[in-house]
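The same chain A turns up in both complexes below, where it pairs with chain B and then with chain C.
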Partner chain A sequence: MHKIFRIDMTDLKATVETVPEAWAGLGGRALTSTIVAAEVPPTCHPLGPNNKLVFAPGLLSGTAASNAGRFSCGAKSPLTGGIKECSAGGSAGRIIARLGIKAIILEGQPKGEGWYGLIVRKDGVEIVPETETLGKGNFAVVEDLTARLGEDFGVITLGPAGEHLMAVSDISVKDPDGKLRSFGRGGLGAVMGSKRVKFIAIDPEGVANLAIADPAAFKVANKAFTKTLNDHPVSGQGLKKYGTAVLVNIINEAGGLPTKNFTSGQCDHHDQISGEQMYDNIVARGGEPTHGCSVGCQIQCSQVYNDKDGKFLTSGFEYETIWALGADGLIKDLDIIAEIDNVMDDIGVDSIEVPVMFAVAMEAGLLPWGDGKRMLEMLREDIAKGTSLGRLLGGGTAAVGRAFGLTRIPVVKNQAIPAYDPRAIKGIGVTYATTTMGADHTAGYAIATNILNVGGKVDPLSNDGQVDLSRNLQIATAAVDSTGLCLFIAFPALDIPECLASVVGMLNARYGLSLTGDDVVALGKQVLKTEHAFNLAAGLGDESDRLPEFFELEPIAPHQVKWDMDPKELATFWSF
Partner chain B sequence: MKITVKLFATFRQGRFKIEDRDVPVGTRVLDVLHSLDIDPADVGTLFVKGRAVEVDRVLDEGEAIAIFPLVGGG
Partner chain C sequence: MSGQGTIDVVGFMDLASLFRARGWASPHRMDLDAEIDGDELLRRLDVPDAAVECLFVNHHAIMVAAARIRPGDRVAVVPPGVPGPHRFSLGIWKRPDAAGK
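Moving on to the complex of A and B:
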């Protein structure tokens, strides 16, 4: 991969650049965060001409490596005001990598009211005015572009929420089945919308096998790597069968399932919204319990969920979404939850931020608890259409909470807290507080060690060892996010030493390097420090590395625990 | 004494979701696993009162034991 495509939306000109030496060894999150830190003024308005949207495949993307089909998207976030990197599956990342493109940088801002589509080809980018798909949902955009350009194009698209520049909007990516995966968090859709780009289509014409410095060694390392994925019970069996929603029951049992806008740690109807129930419904209705979001996925945590008549309802139906709608918002019917999931995909909003926002709106009295029908109406009639109410809701959890004068607003750096209560699972609280991303469980998944007994055991109710645990996980995650490997490889990586060793082996064989595990850790540290420096310069100082105060004031059942970590201890997170 | 046994994920197959049982005083979690033909090596997490416990934990009257295989997500 040797080219950078830079698309200047101010002058509507695209250029192809060679990769600067300093970026040669970077990919995925390491590259998007390095480019954003180097080229975006930290104090700029996220929706103004100085912000940039960067797409980058990982260091192993486009190769034969298992589970390497993910790619990264970064910018300054309109939701958090800090740096943002998201990872998504789908087909586009692999095509971009196999066209030899190391990164696509979208910058500037066009004058006037017109919208554009971008067609990325092997040798350059065509910028074309777009009218046809405006106002349309992501599924219709994908259908339209498939008809216009062909089945095999990669598609990156924006729903109506992104066109309205909402802080909850995401960016969608067409997957191998023509369905959607997304760069979910932090309002990246609004950044793409602010550049007035409705879609980016990637022409696969000219894709080539990537040069591998030592093909034999690569094959051996990939085989060993794949074996660890198949051998570990979580990646080899658990995720395949039940998907991530298997967590509903276990997190409920542990007393860490935030319920009714974070007022309890257990939910009465947990079994109705569990992975076990989801699996039974899928099998009974002819869906697919086991499905991959991208080419080369071995773990296959995704699924196709049908309604009672066997018609498609949603795919990629994840724990966080089911938790947020089912437990946090008290919607008891898994079918309505699935329908809402699909509508959120279609209008292009973050399926964590929006349901958490709705639970806050329920507490504010804007709609009844558990009313999925009303939520669907508000999604379709208000958020998608950009009414005044829709724009308030589209501002996210923090905006809605503030508008109604609430104090129980579960956000860090304005981003909604996901599916694990930090009072009952303290390691994840450290991650929420300290990650550069705003509340994000994937940034340092302490649940593994606090609850799931993966990578050792650390008592979830004690503060001891949590900062070290979260730091180690965040460093490793930043490195994995730079490879294009799906984060779920972390389960075998935490338990089976050959897993990471074979990832390092693949990196060395691909690029002709002699990296060690320490070099990979150093890369992770460098990524975090780069992001932290950006946030500090953007005005997100140490005092923003905090959980909301209500966690310190309100104990949560069943353990009756509060968040009680000394801020001084929390501040030691950055001592590396 | 009475205890409640809750099973999850693959452990439900050919067994049950939840069952009340009469067991002798002094019954350990391990005894419950044996009675269900569950290999302790396949167990991921065991919870009593929302706290992780080990297989040698002795159960008290009225307690519920939740038994999970090694699962994960995120």
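Moving on to the complex of A and C:
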């Protein structure tokens, strides 16, 4: 990958640039965060002309490596006010990589009221006025572009929420089945909307196999890597069969399933919304329990979930979304949860931020607890149409909580806290507090061999060792996010030494390098420090690395524990 | 809640299907008059060791061999294959060479 496409929406001009030497060894999150840090003034308004939206395939994207179909999107976040990187599957990242494009940078802002579509081709970008898909949902945009341009085009699209510049809006990516994958968190859809770009279509004409410095070594390393994915019980069996939703019962059992706006760690109807129940429904209704989000996925943790009549309801039905709607918002009907998931995909909103926001709205009395049908109405009639109420809801969890004078507002840096209660699982609390992304469970996901030195076993209810653990997890995650590999490689990486070794082997074979595991860890550290420096300059200092006060005041059942991490200990996170 | 002389047992993932196929309710109430260890529990449940990665006893994750189950306890039986960062953070995973169980 040797070129960068820069699209200036102020002058409506696109240019092709060579890759600066300093960026040549970067990909995915490392590249988006480096570009944002280098080119975006940290104090700029996220929806103004000085913010930039950057897409970048990972270092292994576009190769034959298993599970390397993901790519990154970065900008200054309208939700958190800090730097943001999201990862998504789908088809576009692989096509971009195989066109030799290292990054796409979207900058500036058009002067008029018109909207645009971008057609990315091998040698440049065409900027075209767009009217036909305005106001349409993501599924309709994908359908329209497929008919207009062809089935093989990659599509990156914006739903109505992004057009309304809502802080809960996301960016969607067409997957191999024509369904949607998302750059979900932090309001990146609003940044794309502020550039008045409704879609980016990627023409696959001219894709080519990427140059591999040592093809034989790459093949050997990829074979070993793939074997670890298939051999491991998590990536090879558990995720394939039950998806991530299997965590509902597990986290409930651990007392860490935030319920009714984080007032309990257990949910009475957990069995009804569990991964086991989801699997039974999928099989009984002719859905697909096993499904991949991108080409080359071995883990296949996604699924197709049908209704009782066998009609498609949703795909990519994730634990965090099911938790947020089912436990945090007390919706008991898994089919309604699936319908809401699909509507959120269609209008283009973060399926964690929005349900957590709705639970706060339920506490505020804006709708009854567990009322999924009313939630569907508000999504379709208010958020999608941008009514005054919709714009309040579209501001996210923190905005709604403040508007109604609540004190129990589960956010860090204004971003909703996901599906693991930090009082019962202390380690994730450190990650929520300190990650540069705002509360984000995926920020501390990857597990590198170096964490094997962090105790033999972690007590989730104790603070001991949690800061060190979170730091190491976040460093490893930042490195994996830069490769284009799925974070779920973390599971074999924990147990099978050949897994990470083969990832390093693939990087070396791809680029003709002699990296070691230490180099990969160094990359992760560099990414975190770059992002932290941006956030500090944006005004997000140590005082923003905190959980909301209610976690210190309110114990949760069944363990009756509070958040009691010493802020001084938390502040040691950045001592590396 | 289980009481004196009994424990409550739940199974997850494939073990949920297995327990259901046996006609067991969830939770399954099982007689227990005195403390037993995790290995003995699996024997009494007729569940092979390889089908279990850890137990939750009263909502605390613990390795099978280290578990002590007493009358009145709630036990969840967790197969291998649990995803999520908290496989580590919950204590389901432990370093293979770590001392103790």
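One rule holds for everything that comes next: the second predicted complex is superposed on the first by the 564 of 576 C-alpha atoms of A that agree within 3 Å, B and C clash if a C-alpha of one lies under 4 Å from a C-alpha of the other, contacts with A are read in each partner's own complex, and residues count from 1 in each chain.
One rule holds for everything that comes next: a residue touches a chain if its C-beta (ideal position, glycine included) is under 8 Å from a C-beta of that chain, and two chains touch if they have at least 3 such contacts.
Treat the numbers as computed from the prediction; the structure is a model and nothing was measured.
**Student:** Quick one: on chain A, after the overlay, do chain B and chain C clash, or do they fit? Just give me the call.
**Tutor:** Clash: chain B and chain C overlap once superposed on chain A.
**Student:** I'd like to know which partner A:Leu473 touches here: chain B for first, chain C for second, both or neither.
**Tutor:** In the superposition, A:Leu473 contacts chain C only.
**Student:** Touch test for A:Ala190: chain B only (first), chain C only (second), both, or neither?
**Tutor:** neither
**Student:** In the superposed arrangement, does A:Glu253 touch chain B (first), chain C (second), both or neither?
**Tutor:** Both chain B and chain C are touched by A:Glu253.
**Student:** Can A:Ala161 be said to touch chain B (first), chain C (second), both, or neither?
**Tutor:** Touch partners of A:Ala161: none, neither chain B nor chain C.
**Student:** Based on the superposed arrangement, let me know which partner A:Ile331 touches: chain B (first), chain C (second), both, or neither?
**Tutor:** neither
**Student:** For A:Ala14, select first, second, both or neither according to whether it touches chain B, chain C, the two together, or no partner.
**Tutor:** neither
**Student:** Is A:Phe491 contacted by the first partner chain B, the second partner chain C, both or neither?
**Tutor:** A:Phe491 sits against chain B and chain C alike.
**Student:** Do chain B and chain C land on any of the same chain A residues, and which?
**Tutor:** 233-234, 237-239, 241-242, 244, 246-247, 249-250, 253-255, 271, 275-276, 301, 319, 441, 445, 447, 451-452, 457, 488, 491, 558-559
**Student:** Spell out the part of chain A that touches chain B in their complex, as residue ranges.
**Tutor:** On the chain A side, the touching residues are 233-235, 237-239, 241-247, 249-250, 253-255, 266, 271, 275-276, 301, 319, 424, 441-442, 445, 447-448, 451-454, 457, 461, 487-488, 491, 558-559.
**Student:** Enumerate the contact residues on chain C facing chain A in the complex.
**Tutor:** Counting only chain C, the residues touching chain A are 10, 12-14, 16-17, 26, 53, 56, 59, 61, 76, 78-91, 93-100.
**Student:** Quick one: in the complex, what on chain A touches chain C?
**Tutor:** That would be residues 233-234, 237-239, 241-242, 244, 246-247, 249-251, 253-256, 271, 275-276, 301, 319, 420, 425, 427-428, 441, 444-445, 447, 451-452, 455-460, 469, 473, 488, 490-491, 494-495, 558-559 of chain A.
**Student:** Under the touch definition given earlier, write down the residues of chain B that touch chain A in their complex.
**Tutor:** 6, 8-10, 12, 17, 42, 44-45, 47, 49-52, 66, 68-74
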